[in-house]
Amino acid sequence: MRNNSYKGMIAAAAVVALTATGCTSQDQPESKPDRPALFKPGEEISYRKYGKDYPATEVKDVPGPCSYESISRKDYSGQTLKIISHAVPVIGEPTKLHARQFEEITGAKVEVVNVPFGELHQKILTPLQAGQPAYDVMFYPSLWIGDMAPYLAPVPKEYLDTPGMKDVTKAYMDVATWNGKVVQYPVDGDRHYLKVRTDVLKDPERQAAYKAATGKDLRTPKTWAEYQEIAAFFSGKDLDGDGKPNFGSAEVTKRDDLTFSAFISRAAPYVKHPDVKGGLFFDLDTMKPLINTPGFVRALDDMVKAKSTWAPGGANFGLGDEIFSFGGGQTLMSYSWDDAFIQAQQPDSRIRNKIEAAALPGSTEVYNRTTKTWDKKPNQAPYFTWGWTSAVSKASGHQKMAFDYLCFFSNEANTALDLTVGRFGVNPYRNAHFDAAFWEKQGWDKDVAKSYVQTLSGMEKSTNRVFDLRVPGVNQYMSALANGVAAALAGQKAPQQALDEAAREWSKITEQIGKDKVRDAYRNVVALEDYR
Amino acid sequence: MTLSATDLSLTVDGVDHLKSVTATFEPGRLHTVIGRTMAGKTTLLRALAGLQEVDSGSLTRDGADLMRTPVWRRDTAMVYQQFINYPHLSVFGNVAFPLRRQGLSRDEIQRRVSKSLALVGLTGFERRKPSQLSGGQQQRVAVARALARGTGILLLDEPLANLDYKLREQLRDEFKTLFSDQGDTIVVYTTTEPAEAMMLGDVVLVMHEGRILQVGPPQEVFERPATTTVASIINDPPMNIFPGRIEGGQVTVAGFQATHVSAHLAQLPDGAYQFGLRATDVSLASAGVEGAVTFVEISGSETFVHAAVGKTPFVIQIEGIHDVALGDLVKLRLRPERLYAFDEKGSLVRTPSYDLVSVGGR
Amino acid sequence: MRPRLYPVFKYTVIALWACFVAGPFFWAMTTSFKDANAVQGGATYLPWIQYQPTATGWRNIFGGAGGIDVIQPFLNSAIVTIAASAISLVLGSLAAYALSRYRFKIGFIKNSDIVFFFVSQRIMPPVVLVIPFFYLLQWAGLLDTIAGLVIVTVALLLPIAVWVMVDFFNGIPREIDEMAMLDGCGPLQTFVRAILPNSLPGLTVAAMFCAVFGWNDFFFAFRLTFTEVQTLPQAVVALNSSIPPWWTLSAAALFGVAPLVLLAIWVERYLSKGNLSGAVR
Amino acid sequence: MYGLRRHKSMFLLPGLLTLLLIIIFPLLFTIRVSFSGWNVSSPQMDFIAGANYAAMLHDSRFWSAIMRLILLAGGTVLIQYVVGFGMALLVWRDVRGRRFWRVLFLVPMMTTPVVMAAIWQMIFHESLGPLNDLLGMLGLTKVAWLTESGPALVALMTVEVWQWTPFMFLLLLAGLLSLPKEPFMAAAIDGADVWRTFWKVTFPLMAPVSVAAVIIRLIEASKLSDSVYVLTSGGPGSSTETPGYYLYIQGLRDQQTGYSGAMSLTYLVLMIVTLTVVAAMLTRALKLKGHS
């Protein structure tokens, strides 16, 4: 399937490059003169030639410094770029794919290593701390910025000024910024939101049955209470006539998976009071943990109650299970990242176009930690759930090439194609991505595409946002929180007790890392939360 | 080329394995070391080979100290009781192994191996592995290997002990001729079998509890055992040793008037002695010392009757098969002219006069 | 048990255990021919009848889209495993021979204590070792190199080699050593010419354990390399993503087992000859 | 033996020194780090005296993980021993297709634990896995394999038994195959039945191999963590956490290097003591002499 003339051109370019560089020693970062581009401006780009597992979609190369055309002018032959990324396929597969393309058009050698989620943090951080220049480019969850920032090379101005970067939404530029410097290169935009099956929720017969049974209208849930009612009503019934029961809710609950994010999603509307400033996880003044305050406890109560609406094994679901459970049509509703939604919208999915996206459920009251009362007012708090990001190591000897790779990775053509492949885990993060027409072109129904785009862009407009705890030692904090949640879900402890213990654990961690260090970092997060 | 051991002693965990062993081994002679199991025979061989370090004493070869020569330079071959061969090598390879170490030429090795295998009667078995041979054949391989080298010292540690009776006799006869051809080699051969020691040995060394009790030509040791212990070790079945008295021309045993004092004992003063009498020299009779039968062994043409006189055990070897039942009271007749007399400490006092000694006979 | 029922009982038990042993392999095999929809649809077993098989999983482990390329990792694993096993076997059997044949006494330390020291290295939780190993290899400039990985793997395998070989040498009569020495071999020659050739079964078992633990080591290989030396378990684990491609993972798992199955067949030959230990008697 | 003394070090030292050189730094490092506050945000060798050890004493997760390990390791090794011995006996002699069975029964130990655990995770998957599906076909209720603490422990033990019974099987089969024939003939002549022959002849003869196999398996089983990591990640709650996994969480994932160092050393000492005692008890129980 390869384009032979194209290969020939690369070979020729490589020969030219080699002759030109003569006997310069290998692997020395140096700027070589540009060479002729391999692509015409605005050429059609497609992944087809890499195998039939990629969509045949074609998009136009958008001219700019990161385009195929521009990058193919660069000559990185004889140099090696080392990259660490998440396991294949989520973010790992696009990392490899674009690495291969980058090799083809620049002559560089790119080595990619893929690592499971649980290992990524220490695999990146250990060499950084030891001063070992192991990787030039690193892909990792953006909430680790507190741990990583000291070792990262700030994104140079020339890349900040690219049109692609300028189009990144405010929230994701914020996520990439540490102490006023952009140190992460945005490649993904992630948030938690709600996904539901419209073939059930919009089915008049079921609406009538639900009304008859509960006296309420069946609609996409607006609060966690509604979510629970609907999930409980339908759980255990066969909703699609395949002889197997369906279930109400799929959530990430496996302790050392991404349970902490699921819990924060459930807690967000109870704890993010639009009028209370100065911290959601900590009181910024005292650095006292707030995770055992009534809002968090209620969220955990909800989650424990929700157990009855989970599929078998639902109490040990990792993200993959959640994606398969909703994406495979087993459960009615789910909330987490885009993956399950995109998975359900793959061309061969049996629930394609029978789903819609919506904002995370909210609440009818929100806890006010200053007055210590529940304020009766409808509340919504979109959760910008970390998301993948990328960065270049300060210790890298190939920073220019590294940034060129990231700029190429995230160029408009690549991103547009990546967005359509569910397993890639690349989700909208530029304003241009909130375009329903693009998704309709992928075969999505109008309503589905609209709900998706509106949900995502709606979150950008909110002023009551929740961000992750982006401080040093975040993994420890999240691990302690997940332990508390898991203990309550397992029935080992009551929610209040479990969270009290988690809070004590948090204090200890803060003590250990240094209160001021954590506070300085947390101030960055609070600045995002309290932003108007 | 004399091998001399002087004052070798070895104590392990309070048990004497060797106790002031002094002995000289002459070239061209076959020395049999006889003793019961655990007598220290194997330890002595291992010490001679250099496999066993001793606590004290010295070992010289023609006056040159041997103690500081490592095993692999001692010019010694050894055949073990347990048919030890190299399991991974063929019969040929086994015999050729030491020759290859000596760096001999292929032809020479071929020649010596063939000769050696012919000697032990294993021609045609070259390609077999030891595990494909019978026990006797395995031991022949070990012997062939030891012989092929033509070492100055050849040690054999009860080489026949683990073989069945028939094979043992056969090999023993073969050994007799084999070892007589070994030129200047010093051969040391241990055994528990008096017959083997008598038949093979030019010199017999009797060991007991780590000591050498007596050294001498087989006939001398057989006829003149220095102590009751030697007398018992050197005979099979062991010589009957029993306390008794000489009183007024009579030998009394356990209160019985056993027999009259024959000529060779006539000079002895009255008093307490230990007497020795071979099993063949006791017979069942209508009168004599009374004993109770404790055990009866019938082996082909002979019957061994074990009887207790008082607390003293006797073994009686009689021709033919006799119907004796356990617990029967029998009368023992002791041949007076065959009595050995030892003093109360067990040292030889008088031997019977032998007219004609049949060595090795039962 | 009545004699006539015994064979029935015997074969029933063997068959049950065989099912249990083979079950995961069967499941991996059938899963390796599925796709996302077949997996999401609940448990199915038979291709064509219950689901439409596809070779995506297998294509993906040989560089297909969304997969990995197992060839280079396979070679790396093979090199590391063979080198580390060889070094461990050589050093391990020498040490084991010393511990089996000679008496050591250094203060209160005796042979059995030295053997225990070797074996105790396997008690160390790997978590403890990996950080210092990291700094050790960094200091030596051996991070992310085959050599570095081989050194660390030797530390894992050497105890196994010593443990197996001490037991094995203990089963070989010392008289063989003595005889070889009497036959003119120095100590090293004795070991090489008389003992080693008789230790092939023991060496085989030791080699198998070394190969199994070396081949399957994920923990150290993963943490002490960056990009240059990817071993097979690392390559397979790289598939354990938040959306695991079960089909590819299954295919890779089966692929990784294949060479060791050949090893199992080889080991079984020695078993059948009945000379895996106590080869002499 | 004269002339050998200087050779014995020549044999031992290459291996011993290699291991010492590789291991001594990590050991010293761990001892030192266990008195430091080395963690993810301050990777430094400061000195905080025994604070890590004091914290450890109150860490109930650590201690309950150790108690759980005793159950898990003891239980699985016992099952592995019994099953491994049983299967070795069954394919020891006169069985049709024994070479096939033997190879098949060896294969699980050849697999990479982390990878096979992922396959097992699929098998135990409560709604998509084959195990519950088969239970359903048999008309049995489905089991919450990985979400209830009892079944989760069973699942873990199943994986361990599957993976490592072959190890026992191999050692015991090799042992059986090298047994001398005479005692069996004697027993046959005495007319002893299968059961008696086993207890009077086979089992006592196999005692040394058994002790060695059980000890080495206990050592390996005490590191149990891969399957925990993949299957349950210690859950539900912390009901399947083992020391190996907890150390991993603390030491590598959360990078509490100092604290995990303290726990590791404590764990190491506990294990050495326990294993020594167990080995002595087994040896005595089976009346073995001079087992090294």
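Observations on the model:
Per-chain numbering from 1; labels A, B, C and D assigned in written order.
The rule is simple: a contact is a pair of C-beta atoms (placed from the backbone, for glycine too) under 8 Å apart; a residue touches a chain by one contact, two chains touch by 3 or more.
Bear in mind the structure is a predicted one, so any value in this text is a computation, not a measurement.
If you compare C-D with B-C, the chain pair joined by more contacting C-beta pairs is C-D. Distances between chain centres, each the mean of the C-alpha atoms, put A farthest from chain B. Per-chain Cα centroids separate chain C from chain D by 15 Å.
For the pair chain B and chain D, the distance between mean C-alpha positions equals 54 Å. Chain A and chain B have CA centres that are 91 Å apart.
One simple way to say how far apart two chains are is to compare their mean CA positions; for chain B and chain C this gives 54 Å. Shared interface positions of chain A, defined as residues touching 2 or more other chains, are 122, 126, 324, 330.
Multi-chain contact residues, meaning those touching two or more other chains, occur in chain B at positions 51, 70-72.
Residues of chain D found to touch two or more other chains are 1, 3-4, 127-128, 132, 252.
Partner chain C is touched in their complex by these residues of chain B: 49, 51, 70-74, 76-78, 80, 82, 84, 86-89, 97-98, 101-102, 145, 149. By the touch criterion stated above, chain D contacts chain A in their complex at residues 37, 39-43, 125-128, 132, 142, 144-147, 149, 229, 232-239, 249, 252-256.
Chain contact summary for the complex, chain C toward chain A: residues 35-37, 39-42, 56, 60, 64-68, 131, 134-135, 138, 143-144, 222-223, 226-228, 230, 234, 237-245, 248. Across the complex, chain D meets chain C through its residues 1, 3-4, 7-12, 14-16, 18-19, 22-23, 25-26, 29-30, 33, 83, 86-87, 90-91, 95, 99, 101-116, 118-120, 122-123, 127-130, 132-134, 162, 166, 170, 173-175, 177-178, 180, 194, 209, 212, 216, 219-220, 222-223, 226, 230, 243-244, 247-248, 251-252, 257, 260-261, 264-265, 267-268, 271-272, 275, 292. Chain A contributes residues 50-54, 82-84, 86-90, 92-93, 97, 111-117, 119, 122-123, 126-127, 130, 132, 134-135, 244, 258, 318-320, 323-324, 327-330, 339, 343, 346, 348-350, 422-423, 425 to its touches with chain C in the complex.
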